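Here the chain labels run A, B and C in written order, and each chain numbers its own residues starting at 1.
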Amino acid sequence: MPDFNFGAVLQGRYLDWLIAGACKTLLLFFAAWISGFLIGLLVVSLRESRARPLELLAKAFVGYHRNVPGLVQVFIWYFGVPQILPEAWQAWINDHGSEFFLVWIALSLNAGAYMSEDLRSGVRSLPPTQLEAARALGMTFVQAMRVVILPQALRVALPPLTNQSLSLFKSTSLAMAIGFAEMTYAAHQVENESFRTFETFAIASVFYWAGSFLLMWLGHACSVKLKAGRAAR
Amino acid sequence: MIEILRDYGVLLLVGQFPNGPLGGLALTLCLAITGLIASFPLAVLMGIARTSPIAAIRAPATAIVYVVRGLPVLMLIFWAYFIVPILVGHSVSGTTTLICALVIYELAFMGEVVRAGIEAIPAGQVEAARSLGMTYGQAMRKVVLPQALVHMTPSILSQLINLIKNTSLGYIISVNELTYAAYQVNAQLLTKPFEVYLILAVTYFVICWLLSLCVNRLEKKLNRSSTRNPTKEATA
Amino acid sequence: MNRFTFARMLPLALCLIATMAHANRLDEIKARGKLVCATLSGSEPLAYQDPASRQYIGFDVDTCSALAKRLGVQLEHRPISVEARIPELSLGRVDVVAAAMGYTKERAEQIAFSDIHYQIPLKVMVSSKSGIKNFAELSGKKVSANKGSTPELYTRSKIPAAEVVTYQDSPTAFLALQQGKVQGFAVAQAAGARFVEGSDGKFVFLDESLAYEPTGLGVKKGEPELLAAVNNALKDMESSGELEAMWNKWFGPSTKFKIVREKKLTPLSAF
């Protein structure tokens, strides 16, 4: 049995790298979650808008993100898109933290596509009379979605949304391939220099498990609270 | 872009075959299908364990599922890379490591699909089976699983789509599947990453999208048959 | 000896036999008839895939073939990434690594190095338009490197004011430089030469070197027979001129790189 030495890994600049990696993972996750959720709301509204071209656009968007691997999506945004952007834009992005910016875009769009599908199942679960009634009361489509449909859909969609958030949290590890120093990247870096494979991977794994359990617990707590609120009414 | 396909098309499709090991798209599909077939029996066992009335079986199964689901697939691959040779006692290729990682991943996820399938079978069926004198095992084998597995087929195919997408992570451990082959092409050309990655994305899209169309068709067919012949289901 | 004692002795005996059988990797290689030799991929001209034949070719691939020939076995070639070189050797997955393996004392604790068959400077590549002329001007800027490579290590120690960003492989790290995501690319001259040559003057190496790195072949630690066989093969290749001919084929005056192999085969004890 090899000797395990967690102390050797949890000190000095190795510890700095690991902590920085954890912070960067959380930063990427929260940023991508917020923008992904907003994109999801937008896309589900397009999908339910009953305007053919908008529906097709939403379908194509979701289809692309669901059928292309996450890693390839990240590569396209990080290496592919800058190639076709004008020079000035490229320079601006590079000066403002291109790794984070581009992988944030890639993950937001990806999460947005999946979340829109979850929200859509929530919207589908509502009787169509809700939208009709809202329109009959004089609301525009946008108002109806915002005030009546989406809040209710959200309640139904909470379990799949929790799953999706978990998936997003784990997808942040893809950023290691493009040089963004999140947790998996940091663990690799420490492992390459210290040669302590088991200890570094164990620490990274504990981080991901802790994050996953926290997210699942949060989702469960939210759904309980929402149900309680509804019952009280 | 046409030149890229013309010059490197065969490399992307089959890697070095027949002058070397299989690679490219062919390897991607082989990896995904092997992963699915290898993990299927384990996933069924996992699904049964998860719905078992015996807590001593249910608890470890639940723990395994949570442990595997809590990690990114990339970390699973790194763990497999590190641990599998130690378990087996000799070195294994990157391809084998990737398949092991995918099997562990599917064990948890497809296990959940099987669990959902088993739980979807009305409890009345199991009660009827038990009252006819079947043991739990017989009831599972003859009544619940056959129905559950047929209904789960669309979900199982969806897992195949997930597997195909996850094989792209083989790039990180230098397995010569489609994404790695595309990286090789990119390493030669250097100035056309957008075109190369676009070809890569389109290839994955076409395959996964066609599979998802099959999944949709299957789902519709299964829903239609079950609503048309409710008695057929009850006496199955 | 009764059945009970035999049953208890058998596993012990098997373990002993197993360890004895595994103790000599060289015999294992000869018995299997194949040498598993790993090189990089996508690293012209060290080891890369020829698009026409879809075969791996390059200086390191030729080194592996020559080694296999001298050991009297077939070559089984495997591509690996820079960061996988040491784990693959320590875990015993490959027999020899010929992949721009720079000698450092830390690495020598994990694996065994052969004699040094070439030494080249580790340099930083920059865009000619950037006007960066030396390492001091890289402070506060980003430098890319291959994960787990010696240029990564040396950049951190020699240019501490620069931020090092690592990628899975050299072409990706160069792409980052090309797209302006980083301002420098730290790489060994032999591995990076093709990017400079192919860029029509857009990218150049800085004159300063990070280090002058001795490069050798890597084998698993604790396999003295294999190490001796590899070193003998290298000596043979050097004295017969084969090593020099291979270098000239890939890096010599008739190629676009024109790098001279200044130091010939040097024993490891010199470092």
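The rule is short, and it goes like this: contacts are C-beta pairs under 8 Å (C-beta built on N, C-alpha and C of every residue); 3 or more make two chains touch, one makes a residue touch a chain.
Predicted model only: the values in this text are computed from it and were never measured.
For chain B, the chain with the farthest CA centroid is C.
Between B-C and A-B, more C-beta contact pairs join the chains of A-B.
Annotation: 38 Å between the Cα-based centres of chain A and chain C. Per-chain Cα centroids separate chain B from chain C by 36 Å.
Chain centres here are Cα averages; for chain A and chain B they lie 22 Å apart. Residue positions 87, 168, 172, 175 of chain C are each in touch with at least two other chains.
Looking at chain B, one finds that residues 82, 171-172, 193 touch two or more other chains.
Touching of two or more other chains is recorded for residues 79, 83, 177, 197 of chain A. Chain A contributes residues 63-64, 66-73, 75-76, 79-81, 83-84, 166, 170-174, 176-177, 184, 197-198, 201, 204-205, 208-209, 211-213 to its touches with chain B in the complex. Residues 83, 86-87, 106, 110, 144, 147-148, 153, 165-168, 172, 175-176, 179-181 of chain C are the ones that touch chain A when the two sit in their complex. Those residues of chain B whose C-beta lies close enough to touch chain A in the complex are 66-67, 69-75, 78-79, 82, 161, 164-166, 168-169, 171-172, 179, 192-194, 197-198, 200-201, 204-205, 207-209, 212. Taken in their complex, chain A has these residues touching chain C: 79, 82-83, 90-91, 94, 98-99, 177-179, 181, 185, 188-189, 192-193, 195, 197.
By the touch criterion given at the top, residues 41-44, 48-49, 51, 53-55, 79-81, 84, 87, 91-94, 168-172, 174-175, 178, 195, 198 of chain C touch chain B in their complex.
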